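Consider the two complexes below, in which subunit A is the common component and subunit B and subunit C are the respective partners.
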Partner chain A sequence: MTMETAQPGPAALVRSIEPAPAAKTRSHWLWLAAVAIALALPWLFFNWSTGRHSGFVLIMLSEIGLMTIFALSFNMQMGQSGLLSFGHAILFGLGGYCTAHALNAIKAGGLWLPTELVPLVGGLGGLAFGAFFGFIATKQRATAFAMITLGLGELVAAAALMFTGFFGGEGGISTNRVTGVSLLGASYSASWQVYYLIVAWTLISTVLMRLQTQTPLGRLANATRDNFERAEFIGYDPRMVRFCQYLLSGFFAGIAGALYAILYEIVTFDTVSAPKSATALLATYIGGVGGFYGPILGTILIVLLQSGVSLLSNAWLLYVGVLFVVMVMFAPNGILGLIAMHGPIARSGRVAALIVPYLRVLLPGLMVVGAFVLLVEMASFVTIGAEQGKSFKLGGAMHIDPFTLPPWVAAAAALVVATVWLRLEARALGRVWDGLSDEAKRLGQAS
Partner chain B sequence: MSASGAPLALKLENVRKSFGLTEIIRGVSLDIPTGQRHAIIGPNGAGKTTLFNLISGRFPPTSGRILLDGFPINDLSPCQINRRGLSRSFQITSVFPRMSVFENIRCGLLWSRGYKYSFWHLLGREKALNEASEQLLDRLNLAKRRNVMAGLLSYAEQRALEIGITIGGGATVILLDEPTAGMSHSETAYAMDLIRSVTEGRTLVMVEHDMSVVFGLADVISVVVYGEVIATDRPDRIRANKAVQEAYLGTEAA
Partner chain C sequence: MEVFVVSLLNGLVYGMLLFMLASGLTLIFSMMGVLNFAHASAYMLGAYFAYTISLLIGFWLALLISPLICGLIGAGIEMWGLRRVHKNGHIAELLFTFGLALIIEKLVQMTWGLIAVPYRVPALLDFPLFTLYGTNFPAYRAFMLLISGLMFGTIWLALTRTRIGLIVQASLTHPEMVSALGHNVPRVFTLVFAGGTALAGLAGVIGGNYHTTEPSMAFTMGPIVFVVVVFGGLGSLAGCFIASLLMGLIQTFAVVFDYSPADLLKQFGLTVTSSTPFAEVLTVPLPRIGALLPYILLVLILLVRPRGLLGTRDT
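After this line comes the complex of A and B, so read on.
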C-alpha cells in the first residue's frame, strides 16, 4: 500500500477543498435526510399485525450505526493522518470491555450512571488506552506505524485470553444493559430503544468527528499526512499531531465499542481481534479513504453483506474479499471517489450522456457477477453445502446438480464470454467518458 | 565584514558536520546581522544545503555552535527552532499537495497565532486568522487559485506558495533554498520582487545559483567551497575577489 508518497490522482485532488456555500446548504439537507431515514427505517419493517419490530433489522441497523462510528474513527487515522492501523479494534474492544464492567457495576449499585451516558465510559476507556498505545505507535509513521499497530493488536488479543479478570477469557464479559438508571425513563430492554440510543450517539459522534476536521489539529493532521517535514518547519511536532489524532480516534472507537457492549450485552475477545480491525479497514477503503463520508457508505455496504448475504451464502466473506480487491484495483478512491469523479461532468450538464454506456456495461457486468457467484456457490455446495443437507436451486425453481460437469462448463463459459464483452463495453464507456471530461474541462476553463 | 555592532540574527561558530567518515562542513563560522540579506553561493556539492539543514535543525551539527538571536539552537528540533523565529523553504518544492492553496497558507499561520494542537477552534470562525491568510494570498498573487489543490499548481506558483508558507508564521529569520531554481526569466524576476517585498525588515539567508538574483538581492555574499567559507563580503568585492574567481565564479564572471 502506498502510504508514504501516494501521489494524488485527479480524483483524490477533488476532495478536501472547502465546498462552495451552495454545496454547504446541500450537505445540510443530506444530513437531515440521513437522520430522517435513520429514524424512520425501523418502521418500514414494523409488523403492524403483531405490533412488533423486526429484531433482525433493528440489530442490523444498530450494527451499521456503531460500525459507522468505528470506521470513521479509523479514518481519522487513515484518511486524515495517513496512518494505516492494523490494530484499530483494540481501542474498540477495550472500550467495550470497560463499558461491560461499568454496566455490571451500575447494576450492582456500585456506580450511578444513566444508560444514555454509558457510552462515555467506553470513550474514556478508548482515550486512556489510546494514550498508552498511541504513545508507542505514533513514535513512527507510515510502514513502521502499521507494523507497530499490528503487533499491538496481536498483543491485546493474546492478553484477552490470558488476563481473565478483565477480559473474561474465551467466554468474554457478559453484562446487562437494563440497569434501571436512565435520564429518559427508558429501560432499554427493547431493541428499538437501544437502536435510537445508538442513532443518537452515532449522530453526535459523526458531527463531532466532522467538526474536528475543521480544527487546527484536523488540518495539521492533513498537513503531516501530506508532508510531515514541512509541518515541522511551520512549528508543529508531527509526532504530537499523530498522537493527538490517535487519542481522539481512540475516544470515538471506544464509544463504538461501548455501543457494541450495550447492543449485544456481551464483549468477547473477538472485539479486539484482527478481523474486527480488518472490518474497519475494508469499510473505509470500499467507501473511500479520501473524503469524510466514505467510511459511512462502506460500513453500510459491509454490514449489509455481513448480515444479509451471510444468511444466503456460506461464501459471503469471499465476496467481501473480492469486492475489496476489485475496489482497490479499479477504484482506489472507493465509492465516494466514484461519485466525486462525476462532479465535473455533472457541472457541465452532460451526465445524461453516460446513461446508455452505463447500461451497456451493466448487462455484461451483471453476467460476470452472476457467473462468478454461480461458480463460487457450486464450489461451496460441493465442499460443504451438500453435507448440510441443502439442495442447489437457481432462482428458487431450477434444479442444478453441481456434481455433474455441464453446469460448471456453462458457468465458466458464461464468465469468459461476459468478461470479454464487459471489457469491450468498458472501453467504449472509457471513450465516452474521456470525451465528456475533456468537454467539461474546456467549459471549466472558459468560465 | 559588517562588524558594526548590530545584533546578530544568526551566528555560526566553527560548525562541522560529518556523515560517516566524510566531513561535509569543515568548520564554518558566519555572522549574519539582523535585517541583512545574505546569499550563500558555491559550486554544486559544496555543502550549501547541508549548511541550511544544520541551521534549521534537520540534522544536528557534529561540533560547533549555532546561535539564533544569541540563543544556542544546536540541539533543538526543527519545530522548536521554527517557534524561535526561524523558517525555511526547500530546494525541492515542499508544500501540502492534497490541501487547497488557502489551507496551505492558513496552516503556516497557525502555530505563531497560538492555536497549537487545538481541536476546539473551528477554523471557519477564526476571522482574524482567515483575513490574514487572505491578505497573504493576495500578496503572493495566488488569490485566484485559492481553492485549487496545491499539488495542481504550476511550478512557479508552488514556489510562491512555499515562500508564503515559509514567511506566514512571522519568522524573523528566513532561509530560502534556491528559491528561483527552474524558473523562467520572467518568473525569476517576479520571484525576486516577491522575495524582496515579503522579507522586508527580516533577516534573509538564501542559497542561490542564479547570479542575477544573488547580486540583485544580497547585501552580503558568502562563498562556500568544499565545506568551508572562503569569503564573506559585499557583492562588488566578492566579484573582484581573486580566490572566489578561481574557485567558483571563474568561467562565469570572466
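After this line comes the complex of A and C, so read on.
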C-alpha cells in the first residue's frame, strides 16, 4: 500500500501556508498578541469583589496550554513526517508518570529540583520511552506504522493496569506539586501560579517546535513524508529521520504530560489510553495538519467543547465526532486550510464579494446545526438525562416534552428543509467562489 | 486432556466468530486499502439491532433482518461517505471511518443506554448439547459454529464459483487491471463493503448474546480484528482464516493455563522473590497476559513480516 502517492494535499498546503518573507514581521506580531492574550485572559474572569480567580477558567486555560503542546508534538509526527500514530498518548502519559514519581521524590527529599524545571523530567521520560517505542515503530511507515502504534498503545494501556509499582493500578499515582523548592520563590499552591508556569512552558515548547520545522531534520521529515524513495536516493536514511522525529515528538509529549501531572496532581491510566491519543488526533486534524499552527486552533476548539459543552450536554463527544467527520469530508485541510484557501482571493482584494453568499449559507447552516442539536439532545434526554431527574429546557425558558411526538416531527422536518436549503445556498456560494478564484488566478498571472 | 478438549472447542467458536468479522474487513482492506475502523461498530450494531428485533418479532427473524440493515448502512457509508473522501487519500479514509466509529458508539449509547442490554440466547437453543468430562457444552456454541461454518462455505463458493466473485478476487490483487478491463470497480467496492458490513452484523447477532451487548463492545473487539487481518495478510482469505483460529485458540488457552514467567524460571532452578529485579513483570500470570498477546503478535508480525502470514503485499 502506498500512501504518499495518494497524498499530494499536505505538501501543497505547507507551501501555501508558509509565510512569505514580507509576512514574517506580521507573524511576529501574531506571536506577541497570542502571548499577551494568554497572560491577560485569567484577569478577564477575575472576580474583583472577592479578589479571586475563576478556578474553572484557569484549569480550562491550563488544559488548553498543555494540550497545545501535546497536539503540536503529535503533528511533528503526523503533519511533518506523515506518520499517523494511534498511540501518541503513551508518550504523554509515561512522561506524566515520570513527573509524578519525580515530584514525590522531591517532596521526600531524595531529589533536588525546582518545580519550574520539573517538566524537563517528563520531557526526558518521554524522550527515553520515545527512543524505545520509536525504535520499534519507525521500522515501518504509513499504515504499518499506524498499526504498530495502535498495538503499542493498547499494550501500554493494559500494562498500566497490570503493574501497580510504577503505574499505581486503577488509582494511579497521586502527587503534590507544592514541593517547597522553587527558583522564583513561588509555592505553586494557587492555580494561577500553575497557569503561568504552563504558559511559559507552552511558549518555550511551541517556539522550539516551530524552530525545529526549519532545521535540516524538519525539512528532511517533510521530504520523507512526500517521497521517501527520493529522500533515500539523495542519501538520507528515512528510518533515521522518522526515528529522530518520533524521539523529539516524545520529548514534547512528555513535557505536556508533566504539566498535566503538575496541574491535576494525579496521573492515572487514562493518560496513556486510546481516548487521549484520539484527542490529539481530533484536535490536530480539525485544526489542520498542513501547517504549523493548525493543531493550536484545533486544541482550543476541542478543549472549549470538552469543558463547555460537556457541562451542558451528555453528547459532547458525538458533536466532536460529527465535526470531525464533516471536516474530513468537506475540509480535509482543517480550519487552517479553510483560512488559507482565502489567500489568493484576499490578495486580489475581492473578499468583500464573499460576505453576502457567506451570510446566506450561515442562516440554513445554523438551522441545520440547531435542528440536529435539538434531535440529539432530545434523544439523549430520553435515554440518559431523564434518569438523572432533569427537566428538558430550551434556552433556559422554553419547555419541551421529548416524550411526545410533535417536537420530534418538528425538529426532523426542520433538519430536512434546512439541509436542502443549505445545499442550494452552498452551490450558489461555490459558483461565486469559482468566479472569484478564476479572477484571482488571472490577476496573479498578469502580475 | 479434558481442559484441552473443552478449550479447543471454545477457541474454535471464538476463532470462527473472529473470522466472520475479519473476513469482511480483509476483503475491504485488500481491495480498497481502507482500514475500516467502523467495522467493529457494525458488529455492535448487529448485536443491538438483533436485541431490539428479537424483542419485537423473535430471534430467528433478527438473524436475517439485522445483518441486512447493517449491509444497507454499509452501502450507504460507502456510496455517500467513503467515495467522497477517497480523493483525499488513504489517511483521510481511515480517519473518516474512525470518526464514524466514534459517532456510532455515541448513538448506540443514546439509543440503548450506557449499560449492557439483556440480549439473551434464544430459549430454543438454551440447553447443553452434550457433556464432556463433566462440562456442559451449550447448544448455542454449536449453533455459532454451524452459522459461521455455513457462512465460510457460502463466501468460498461465492468467491470461486460466481462471476462477481472472480472479479472481487481479481480486484484483491490487481485493482487497476480490473478497472482497466472495463469492470465497474466502484460498484464492486460498494458491494464488498456492504457484504463485509453485513457479515460483521451477522457476527454481532450471534456473538452479542455469547459475549455481552454493550456500547464498548466495538472498541474492545476492533483492535483484535485488526490484528487478525494484519496477521493473516493482505489479499488472503485463507491467511485470515488461519489467523482467526490461531487468535481464538491463543486467547482461550491463555486463560486456562495459570502460569507465569517465574514458574518457567523455576524449572531452571531460578526462584523469583519480591526483591528480584522486574519481579512484578515476571510474576504476572498467563491469563492476565492473554489479553495482551494479540497486540504483542501484531507488533511482532509487522516488524518481522509486514505482509502477514499468507499476504501477497506489504501492509
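By definition in this document, the second predicted complex is superposed on the first by the 431 of 447 C-alpha atoms of A that agree within 3 Å, B and C clash if a C-alpha of one lies under 4 Å from a C-alpha of the other, contacts with A are read in each partner's own complex, and residues count from 1 in each chain.
Rule of thumb we're sticking to: contacts are C-beta pairs under 8 Å (C-beta built on N, C-alpha and C of every residue); 3 or more make two chains touch, one makes a residue touch a chain.
Because the structure is predicted, anything quoted here is derived from the model rather than measured.
*Asks:* Given the touch rule stated above, what does A:Glu232 touch, subunit B (first), subunit C (second), both, or neither?
*Replies:* first
*Asks:* Mind working out whether A:Ala158 is in touch with subunit B, subunit C, both or neither, as first, second, both or neither?
*Replies:* second
*Asks:* May I ask you to name which of subunit B and subunit C touches more residues of subunit A?
*Replies:* C
*Asks:* Where does A:Cys244 make contact in the superposed view: on subunit B (first), on subunit C (second), on both, or on neither?
*Replies:* Once the two structures are laid over each other on A, A:Cys244 reaches subunit B alone.
*Asks:* Touching A:Leu281 in the superposition: subunit B (first), subunit C (second), both, neither?
*Replies:* Touch partner of A:Leu281: subunit C, not subunit B.
*Asks:* For A:Leu415 in the superposed arrangement: first (subunit B), second (subunit C), both or neither?
*Replies:* neither
*Asks:* Taking the superposition on A as described, I'd like to know which of subunit B and subunit C A:Gly321 touches: first, second, both or neither.
*Replies:* The answer is second: A:Gly321 touches subunit C but not subunit B.
*Asks:* If we overlay the two complexes on their shared chain A, which of subunit B and subunit C does A:Arg219 touch? Say first, second, both or neither.
*Replies:* It touches subunit B, and subunit C stays clear.
*Asks:* After the superposition on A, what does A:Ile136 contact: first (subunit B), second (subunit C), both or neither?
*Replies:* After superposition on chain A, A:Ile136 lies in contact with subunit C alone.
*Asks:* Return the residues of subunit A at which the contacts from subunit B and from subunit C coincide.
*Replies:* none
*Asks:* Looking at the complex, which residues from subunit B come into contact with subunit A?
*Replies:* Touch list, subunit B to subunit A: 56, 58, 77-79, 82-83, 87-88, 90, 94-100, 102-103, 106-108, 110-112, 115-124, 147-149, 151-152, 165-166, 168-169.
*Asks:* In their shared complex, at which residues does subunit A touch subunit B?
*Replies:* 8, 12-13, 16-18, 211-212, 214-220, 222-223, 225-227, 229-237, 240-241, 244, 248
*Asks:* Which residues of subunit C touch subunit A in their complex?
*Replies:* Touching subunit A: residues 33, 35, 81, 84-85, 88-92, 94-96, 98-100, 102-103, 106-107, 109-114, 219, 223, 226-227, 230, 234, 280-281, 284, 288, 291-292, 295-296, 298-299, 302-303, 306, 313-315 of subunit C.
*Asks:* Note which residues of subunit A are touching subunit C in the complex, please.
*Replies:* For this pair, the touching residues of subunit A are 1, 3, 6-7, 9, 84, 136, 139-140, 142-144, 146-148, 150-152, 154-155, 158-159, 162-165, 274, 278, 281, 285, 314-315, 317-318, 320-322, 324-325, 328-329, 332, 376, 379-380, 383-384.
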